[in-house]
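Each chain carries a letter (A, B, C and D) given by its place in the written order, and its residues are counted from 1.
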Amino acid sequence: MTTAPLSDLQDLRDRTRQFAQARDWEQFHTPKNLAMALSVEVAELAEHFQWLPTGAAAELDDAKRTAIRHELADVLLYLVQLADKLQVDLHAAAVDKMALNALKYPADPVRSDLRK
Amino acid sequence: MTTAPLSDLQDLRDRTRQFAQARDWEQFHTPKNLAMALSVEVAELAEHFQWLPTGAAAELDDAKRTAIRHELADVLLYLVQLADKLQVDLHAAAVDKMALNALKYPADPVRSDLRK
Amino acid sequence: MTTAPLSDLQDLRDRTRQFAQARDWEQFHTPKNLAMALSVEVAELAEHFQWLPTGAAAELDDAKRTAIRHELADVLLYLVQLADKLQVDLHAAAVDKMALNALKYPADPVRSDLRK
Amino acid sequence: MTTAPLSDLQDLRDRTRQFAQARDWEQFHTPKNLAMALSVEVAELAEHFQWLPTGAAAELDDAKRTAIRHELADVLLYLVQLADKLQVDLHAAAVDKMALNALKYPADPVRSDLRK
């Protein structure tokens, strides 16, 4: 008998659960606190871009690219933990939201001149 | 011949690429702008929790749970797009970051009383 | 006998105190909650700029300028309330912080080419 | 002839103008960039509260109180600079916004049980 492999988001969910349990951090991980920590991590990510023209590759050196990669990871890790506490399947939620967005912003096959 | 299934995150990367292309939105999607949009979505998520004690399930009604699920999705969708522009594999970055976090905050097998 | 006029910031502190008391909102106004609400208001402000090149006057129409003015106000109002709860004199704190910043980033009388 | 004294917000506006000019930073200070920098500073402030129950005085030691005071100052300083670029009088905007808020959330002279 084989079991279906975990998806990558489920894998991270399991890893973060284990990580928090091993450190007795679950007591701090209310949805409210995780939402706040997520905000802080996103700001640490945004900080790298605040004085740059666009953040395109040519504007970033290696040290900055590494730091940004770590911040992207931190954002995902808190997002996964928050979704876990709220029992939300992130992939399904994202697919559903894209369907709503497609209704709100229909694609124009010819030209999409106006925006948001 | 079979092909390996796309991971959840790669699937969302492909979906968001197609969505932006179909709407001619790529011109707006600089890393800087996506980081800023990500911050805004995270705040819309956090807003649901700002006056609640902890955000636990009992504090949320169905309408709020649905709204929160949509906001979680929006955060993930912008995160995936930003990582895509920066050519970062989010799952690999998250696994690497957890290894660094494990060095910074070693698990105490007996008790983890002090924190961050 | 004349009394010194209240400063702008003290005036807003007094107005926000009265406003919260009249609505029995003080129970919600912990420093943590006010910091979270402040984050949310700042994101509502930032949202107006996220897809614009620079946010210069020519990029903003009247409706957007009015909305931005209201968001700037909301940010200040939550900041004043948070500082009040923490018994911080915002003007004195800002002057002190500028003195620290001046040490960290000395002005170059000739040219200031490098940055932060 | 006497001139009216500057208000404390006008005083900070003048100080920040001079500070930026002396460092040739005005080129970076677009409204968009200042809004992004403001978001980052607010997150640095919020970070101090993310794992605390309420952020009340008893939960903060002296080092943390000093750090929080500096972050409050940074938030105000970016807010003042952003309002200056947008030619918004922060005090007038705040007073006007409070009048709108009073219409939206009328005070209940007896009891204000429901909320936002």
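Everything below uses one rule, namely that contacts are C-beta pairs under 8 Å (C-beta built on N, C-alpha and C of every residue); 3 or more make two chains touch, one makes a residue touch a chain.
All of these numbers come straight from a predicted model, not from anything done at the bench.
**Student:** Could you work out how far chain A has to rotate to sit on chain B, using CA atoms and steps of 5 degrees?
**Tutor:** 180
**Student:** Count the residue numbers both chain A and chain D use at their shared interface, divide by all numbers used there, and answer same if that is over half, different if under half.
**Tutor:** Both copies touch with mostly the same residues.
**Student:** Taking the mean of the CA coordinates per chain, how far is chain C from chain D in Å?
**Tutor:** Centre separation, chain C to chain D: 1 Å.
**Student:** Chain B to chain D: how many Å between their CA centres?
**Tutor:** Centres of chain B and chain D (C-alpha means) sit 28 Å apart.
**Student:** Hey, what residues on chain C touch two or more of the other chains?
**Tutor:** If we look for residues of chain C contacting two or more partner chains, we find 28, 32-33, 36, 39, 42-43, 46, 49, 51, 115.
**Student:** Name, in rising order, each residue of chain C that touches chain B in their complex.
**Tutor:** Result: residues 28, 33, 36-37, 39-40, 42-44, 46-47, 49-51 of chain C touch chain B.
**Student:** So in the complex, which bits of chain A are touching chain B?
**Tutor:** 7-12, 15-16, 19, 22-25, 28, 30-33, 35-36, 38-39, 42-43, 45-46, 48-49, 52-57, 65, 68-70, 72-77, 79-80, 82-83, 86-88, 90-91, 93-98, 100-102, 105, 107-108, 111-113, 115
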